[in-house]
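Listed next: structures, encoded as structure tokens.
Two complexes, one shared chain (chain A), two partners (chain B, chain C).
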Partner chain A sequence: MSALNTAPCKSPADLQERVAAALFREAEAIANRATKVTEEEDSRALRYLERKLDDFLTSRRTGFLLMTALLAFIFWLTLVGTNYPSEALARLFSWGEKQILAFLGGLNAPLWLQGILVEGIYRTVSWVVAVMLPPMAIFFSLFALLEDVGYLPRVAFNLDRLFRATGAHGKQALTMAMGFGCNAVGVTACRIIEAPRERLLAILTNVFTPCNGRLPTLMALAALFAGGGLAASLLLCALVLGGCAITLGVCYLLSRTFLKGLPSYFVLELPPFRKPQVGRVLLRSLLDRTALVLVRAVTVAAPAGALLWVLSASGLAAKAAAALDPLARVMGLDGFILLAFVLGWPANEIVLPVLLACYLSAGTMVEAESLAGLKAVLEEHGWTHLTALCYMLFSLLHFPCGTTLVTIYRETGSLRWVCWAVLIPLATACLACTLVAQLARALGLVTSLFT
Partner chain B sequence: MSRLPPGQKAEVRRLLGEGPLKFRLLDLGFVPGTTVEAVRRSPLGDPVAFCVRGALVALRSKDADLVLVEVLPGDQRRGACP
Partner chain C sequence: MTFPQDNRPKTDGVVALVGNPNTGKSTIFNALTGLKQHTGNWPGKTVSIARGTFRVGAQKYLLVDLPGTYSLRAGSPEEKITRDFLLSGRPHVTVVVADAGRLERNLYLVLQVLEITGKVVVCLNMLDDARRRGICVDVRALEEELGVPVVAAAARQGLGLQELKGKIDALARGEISVCPRRVKYDPDIEEQLAFMSGTRWLALEALLGQQKPGEGSWVERFKYCPV
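Let's look at the complex of A and B:
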């Protein structure tokens, strides 16, 4: 450390530098007085190991491969882990439905009341809990573990070059990772990006990361589309990577049109790896997710279920679906699917339950718990591989849910950006689905899901 | 500083530029007299992670260019960074 510089300052900048240097000198002196560093063999070996691990995680050859493999592995674990709790919950709810029906029958309740309570509210809520909750809780816990270890900053480090090329910021990778949990949280997380232009890019494109409310739907459909667990997790991985590619593409276009500007600076600290507190992380994320899903099931799914039953019973749902049908067919979907996305706008996890409720009220099926039931319902309504693929694409790319839009308004303070936050993904989703549907039809690739 | 190969240590001499980035760099401890080490490049070559005062900090090369350093001779063993 050089001796104290007492020469007169040449400029304000020079002064800044000297003040900072003096502060650090003082801090270092205090730290040296107060602490003693002992070099133990163990900690040396550990640090060497950490360094090797970091080399491996961020190397030119294995960095990207490892990221993809890790993502696929997490999807696979979630898919495999979901089966049992989902089946158990579905059986429980199906038993509960019989009890409630028997009870209402005993009271001589009018048919419309039975309809609203059971076919409307109870079924929608039980679908949300049985199909959505297990994958949400499992995926969220696994991701929380990954975060606890300290891997996520490494992802931002690996990907910054790509984001820079599109005019965005490397920390956007972190906000996208938060988006897996919930897009509203991802949008709030964009505060870590200091530059306003790059922050706005991250906010507008966060929806292209499938949130916890959409992943279970994507998983269920991927399992139907691809069959087994491994193939389904690879398909999911491809979808998510496709979402990332679209994020980069949209950032690139925005950087050259509405949000012109030069990239600002990038400073990212790579914290040392930590041993994850497995028990605590698992318990907290499981409880967090369960509580969240149950609260949302009551506040959003239950009223939506009731509304839907009224719409179906009055024939309005079928009329609306028929009106949307021609447009939906162009995109490889059907009118009920588009209607479900519109009705599910308050929360993404109710889209698939709403769709099933629509189908059930229009068809003859009465019971649709579990994945096998899902398959049968979709089959009855003429789903093909193309329908499943387009549904997944639309779900991945479509407009943000109500909560996320409110958050976007809070973060940007402007309705204009909220409109863009709806229009950009919506246009992307329509375009992608139309392209895929037209291409598949032109090539004659439309096959039934179940043959 | 962006031209340091991984594993190379150097001493900070001066900081160029001004504005928020310079403040940020000073806050992180890139002050004249500090020893820094280029630790590793990201898979696509940029950014580079530097060890400064025991912390690992990633900077894009354009930003690292603001820090002028003098290469330290001799000891090329890997330092105390994670």
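Let's look at the complex of A and C:
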């Protein structure tokens, strides 16, 4: 109720209060006359149950534990569920590739055209669809269900204390939840935070939440890196929580340097739990995600694939990678990985496909038809556990994609903040990767990824 | 010199959709317009204004989904957007979506809207949820109290939407007469209000000194607002 009493009390504060009080009295009187609360056994039990459930979900002791467990469970379901459709899609695309090659061969098409069309465009697009689509569709369907039930505001409630301690706004948890779907959407959602300072904090740190362009990549690598489904889901959970921790840390630093100030007061309403409309939510989320992936595959991945083929065919890609290599080695990566992140700047979905294309054109041709194929390609290029971990860290923490930066510019209206939005995550990513790589090397922890 | 073109779709009326956060406004918006705005079960979800059209018979209406707000008088951006639209966008009909299970808090906003415009349909949403929790709302009694049409609905189940459309249409065409509830303020406030012209809302705004210096006074900007 206190939300209603936060009207700015300027000169005639007393008048305002009296007006608000009169409105309240009237609203109360009308509500009382028009509603009847029945004291039936089951409805009272339901109200009691709702209250108990909320106590459980938002208590200091169980709230966090439950949140983490739920996240891990969702990741596990996604990882388990992804395998089959991913393999099926990969097989389908590989079959399609043979058909196209046969067709082009029949037409006597020049080799460079075959290269651009098949090795450039077709492979990149098929990777984006085969690797990204299944985990995205599953994860976001589950996430949409949680949202429909009304769990997200409880998460915000749980995290509020932490955010406030760092000088940020409690509603930032909601914007981060939106960031899972897409950081550009998350940045737009920051409008729900009214205070400009806290809004800026939320905008600048939203990128530390892995979006749907990065989450599937993280999942694929976690599946390879950590082995079993349970270990992989725990690793993913640790990564996401790590992202949260870094968000909090950056907020803490920023609100003590550039963005000084105290968190403003707000009221977070816990909406009622609702029975989710399972069928409708799943269908909608599935269709939305599929449409999104397909549109992105055509608009971003296809041109990027073509460009990349030209770059590799002309030897530019290898040169650029060689130039980046020394820097990348310090961070536990290699030159091609950094190049892929730079080339994948328009959309995070294409970073891994671009990397694979780079590897494939640089070395011997390995057919990357499935996760097993991915394994082989990475193995070929000397990936270790450490490379995979650093790749995941870099992917989690690096600069926002093009769309998100445009959105940040639109929301803040200032190029200065856009620069910070690039520099802060980039510095964080470089720092984290360097730390992990140097530490692991110093301790002699480097092992081959696929031993 | 040419005037900037009015690029609003040609419609027979503008309908504004307001309400507390998380009362199912976007669900109603989607159901009426057939558009697919994202809906979510948390407050503050609508961050931009969505527009769509729907038909009732031969009439075509433009529906505007405004951000959820608890009040029209405090200072948050959502409240400003909603208030500005009601005052200057001059919707022909305003639908206030209210959560039947939290009537009291929702009525606070309804009463404020009634001070701006009487052309209001109250959509009493989530009746099914309320009933499950043992809360029954007497729609007729509420209608009598408020003096404007009240429609019972459970938008997620698609219930009550036809009636809502019908009421909007009837109100827009002047087939329903309304007698909006007026809140009685303290005698001294009422005395001062009696001397002022314009809508009750603007008179109150002037009295409360809500306008910020330099922004141009509210009363001036909305002098020609329909009563």
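The working rule: the second predicted complex is superposed on the first by the 433 of 451 C-alpha atoms of A that agree within 3 Å, B and C clash if a C-alpha of one lies under 4 Å from a C-alpha of the other, contacts with A are read in each partner's own complex, and residues count from 1 in each chain.
Keep in mind that, in the parts below, a contact is a pair of C-beta atoms (placed from the backbone, for glycine too) under 8 Å apart; a residue touches a chain by one contact, two chains touch by 3 or more.
As the structure is a computational prediction, the values presented were derived from the model and not from experiment.
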Ask   = Which of the two partners, first being chain B and second being chain C, lies in contact with A:Tyr409: first, second, both, or neither?
value = neither
Task = Based on the superposed arrangement, let me know which partner A:Tyr252 touches: chain B (first), chain C (second), both, or neither?
result = neither
Request  = For A:Thr38, select first, second, both or neither according to whether it touches chain B, chain C, the two together, or no partner.
outcome  = second
Key: First, second, both or neither for A:Ile30, with chain B first and chain C second   = second
Query = Is it chain B or chain C that touches the larger share of residues in chain A?
reply = C
Task = For A:Ile192, decide between first (touching chain B), second (touching chain C), both and neither.
result = second
Message = On the A-aligned overlay, A:Gln16 touches which partner chain: chain B = first, chain C = second, or both, or neither?
response = both
Task = Quick one: classify A:Asp148 as touching chain B (first), chain C (second), both or neither.
result = second
Query = Of the two partner chains, chain B (first) and chain C (second), which one does A:Trp417 touch, if any: first, second, both, or neither?
reply = neither
Ask   = Following superposition on chain A, which residues of chain A contact chain B and also contact chain C?
value = 1, 16, 20, 24, 47, 50, 194, 268-269, 271-272
Ask   = Can you name the residues of chain A that touch chain C in the complex?
value = 1, 3-4, 6-8, 10-12, 15-16, 18-20, 22-24, 26-28, 30-40, 43-44, 46-47, 50, 147-150, 152-153, 156, 171, 174, 188-189, 191-192, 194, 268-269, 271-272, 274, 277, 284
Ask   = Which residues of chain B touch chain A in the complex?
value = 14-15, 18, 20-29, 31-34, 40-47, 49, 53, 55-60, 62-63, 78, 80-82
Note = Within their complex, chain C touches chain A through residues 21-22, 36, 40-45, 47-48, 70-71, 73-77, 101, 103-105, 107-108, 110-112, 126, 129, 132-138, 141-142, 145-146, 156, 181, 183-186, 189, 204, 207-209
Key: chain B partner contacts - residues on chain A that touch it in the complex   = 1-2, 13, 16-17, 20-21, 24, 47, 50-51, 54-55, 58-60, 63-64, 157-158, 160-162, 164, 170, 194, 264-273
